[in-house]
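One structure, as structure tokens, below. Some questions next.
Chain IDs A, B, C, D, E and F follow the sequence of writing; residue 1 opens each chain.
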């Protein structure tokens, strides 16, 4: 079955990203296709490579990046939400005159249309949030 | 087949479990996850609301979230089924639509 | 992409205290371009999003409430408000902004987008949806 | 002078206003801010809780947050005083301690 | 800096669903070095932070509950739990981790850090605090 | 009077940062001293210069930076909370092997002791959060 996942909260502060990660991993291991993982609201904060969580805890950003690499996941960070919160890729940095970028491997920044498309194309959309 | 509702907040913190139960159509299912699992405990504040709703809705609770919070399965309201992440995925695929009560 | 699905946007949070109401509206506006069957539900504190006379000058935040009035122009004209949620907050329809649209199938007659429905009716509407986006 | 309590959540969303009222010591003050201002409306769900608490606590509400939400001052429960940010600062300095009910 | 103030940490949120419980504990541990008069209050869902037998293996998150047991070693031994909050959740003291400390003024006798108090008693404790940090 | 302010949530998602800003500004205009503004939990996300909010809305990060410059405010971002969430200054970047930093002007990264000190030194501490 074709599933999509929406994540509305950043890493650590709320359990949304953790639960979504466990759900997505289980779905992939059961043989489902993940059409897209869409990061909205504070969820965009999952996509920064600048985090350094404590050594004795999970590194959520890395977990997502690794899952994306292993399963060729399409992980989309909403551009409007990212601009409000300071998640930037090289293109966005150029467009908005920023002197650097912080996007993590496996994430790409794109528009809200990608969420609607995920809703249309997927058999199921599951939202994780606060 | 009907709708799957997820509730991720404690019923003593927010109103989501009550709103979900008020608006979920009979025949659907409710999965308690994250802090929502506190709603599955016998004898807690909103336990009657859940028990009463069980005539029309099937209730599930996410086991890993129960364990994390130190809630043993014998404390769970009778009739609520414990599932793991695989079971969560199965519930999503078995129901036509998922609605998250955030 | 030719398939038409029923999208339901569920709004349960008050405006300004958190950003969910505003960012939900942004999804609705973008989504309107996809020619799907779109409906919005306002439940619990979500009904506060539609109150009349919002003036955010004092808090220095953008007032996005006028955008709701533009939804009709985007063919978003199925706005369901749960009666029980309104009543629990001591509100009536008069406290809310009137939301209208012009019906192209009825000689562009102006019609109400807002439908106040019971919990039971709303529960039926939810159940008929293909995609539920919750805010 | 006593304690100032701030409540920033709607009483129909969370339990903070009730907990604040249960635990605030008599003689203290409660300031409703952000979505907490919905707790100041006459005839709303928890209006009686607030009215009853007014015998022991002074209630204030932040005007700019009321205006933002389209709530005119004539809808406010009698006896709740409307203050602006300057009034908020004054309340903080007039009370010994501030407790935020988050 | 020689002044001693009464710090009260108010914990009202369940663990793991949000990070507030964990990050509150981090403040308490750092704060313990400042030799102030420290107390912790657990109210509402905050009482869930202290339940026995937490096992986070399944959710892949760090189990920080053992840290509460170490609080006594940091001279943090005034832990107030609201009786009404416990009861509303169907919990008793037996459901919580025992938190102890050794009293240096009483020949290092082991004593309970936890005090179950009524709303009224807690309200008095709050009122006596100089600094309230809320989580 | 000497006041300190603690902010527990990031910009835009919750009103905490807005309310704290209006409060701090009013306190300064009334002649109070602000001993410190401490950013904790997701509040650390107020301190990134990578945000580009919509033109027709307030720019919260800039508002804080400007207020800090005008009144010589001490704005401290908690280091532990910042590491979890990806707020980095040049020192932190070096220490944690990051290839850039995103700290905004007027903010500095330091330890939780700064919050306790604010509690001890200030006549009042006001917390803004979710």
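Quick notes on this one:
Methods note: a residue touches a chain if its C-beta (ideal position, glycine included) is under 8 Å from a C-beta of that chain, and two chains touch if they have at least 3 such contacts.
No experiment lies behind these values; they were computed from the predicted model shown.
Common neighbours of subunit B and subunit E under the contact definition above: A, D.
Distance between Cα centroids is largest for the pairing of subunit C with E. For the pair subunit A and subunit F, the fraction of shared interface numbers is greater than half, so the two copies use mostly the same residues to meet. Farthest chain from subunit D, judged by C-alpha centroids: A. Rounded to whole angstrom units, the spacing between the C-alpha centres of subunit D and subunit E is 27.
One finds 26 Å separating the Cα centroids of subunit A and subunit B. Multi-chain contact residues of subunit D (touching two or more other chains): 8, 12-13, 15, 34-35, 64-65, 84, 97-98, 100, 102. Shared contact sites, meaning residues of subunit E that touch two or more other chains, fall at 16-20, 44, 59, 61, 131-132, 134. Annotation for subunit F: residues 12-13, 15, 19, 22, 41, 54, 80, 84, 125, 127, 129 touch two or more other chains. Interchain contacts (touch definition given at top) occur between A-B, A-C, A-E, A-F, B-C, B-D, B-E, C-D, C-F, D-E, D-F, E-F.
Taken together, the subunit D residues at the contact with subunit B in this complex read 12-15. Put simply, subunit F touches subunit E in their complex at residues 6, 40-41, 80-81, 84, 111-113, 115-117, 119-121, 125, 127, 129. Here subunit D touches subunit F in the complex through residues 6, 8, 33-35, 64-65, 84-86, 88-90, 92-93, 97-98, 100, 102, going by the rule given at the top. Residue ranges on subunit C touching subunit D, taken from their complex, read 13-18, 44-45, 48, 51-59, 61, 63, 65, 88-90.
Considering their complex, residues 8-10, 12-13, 34-35, 38, 41-45, 47, 63-65, 67-72, 84 of subunit B touch subunit E.
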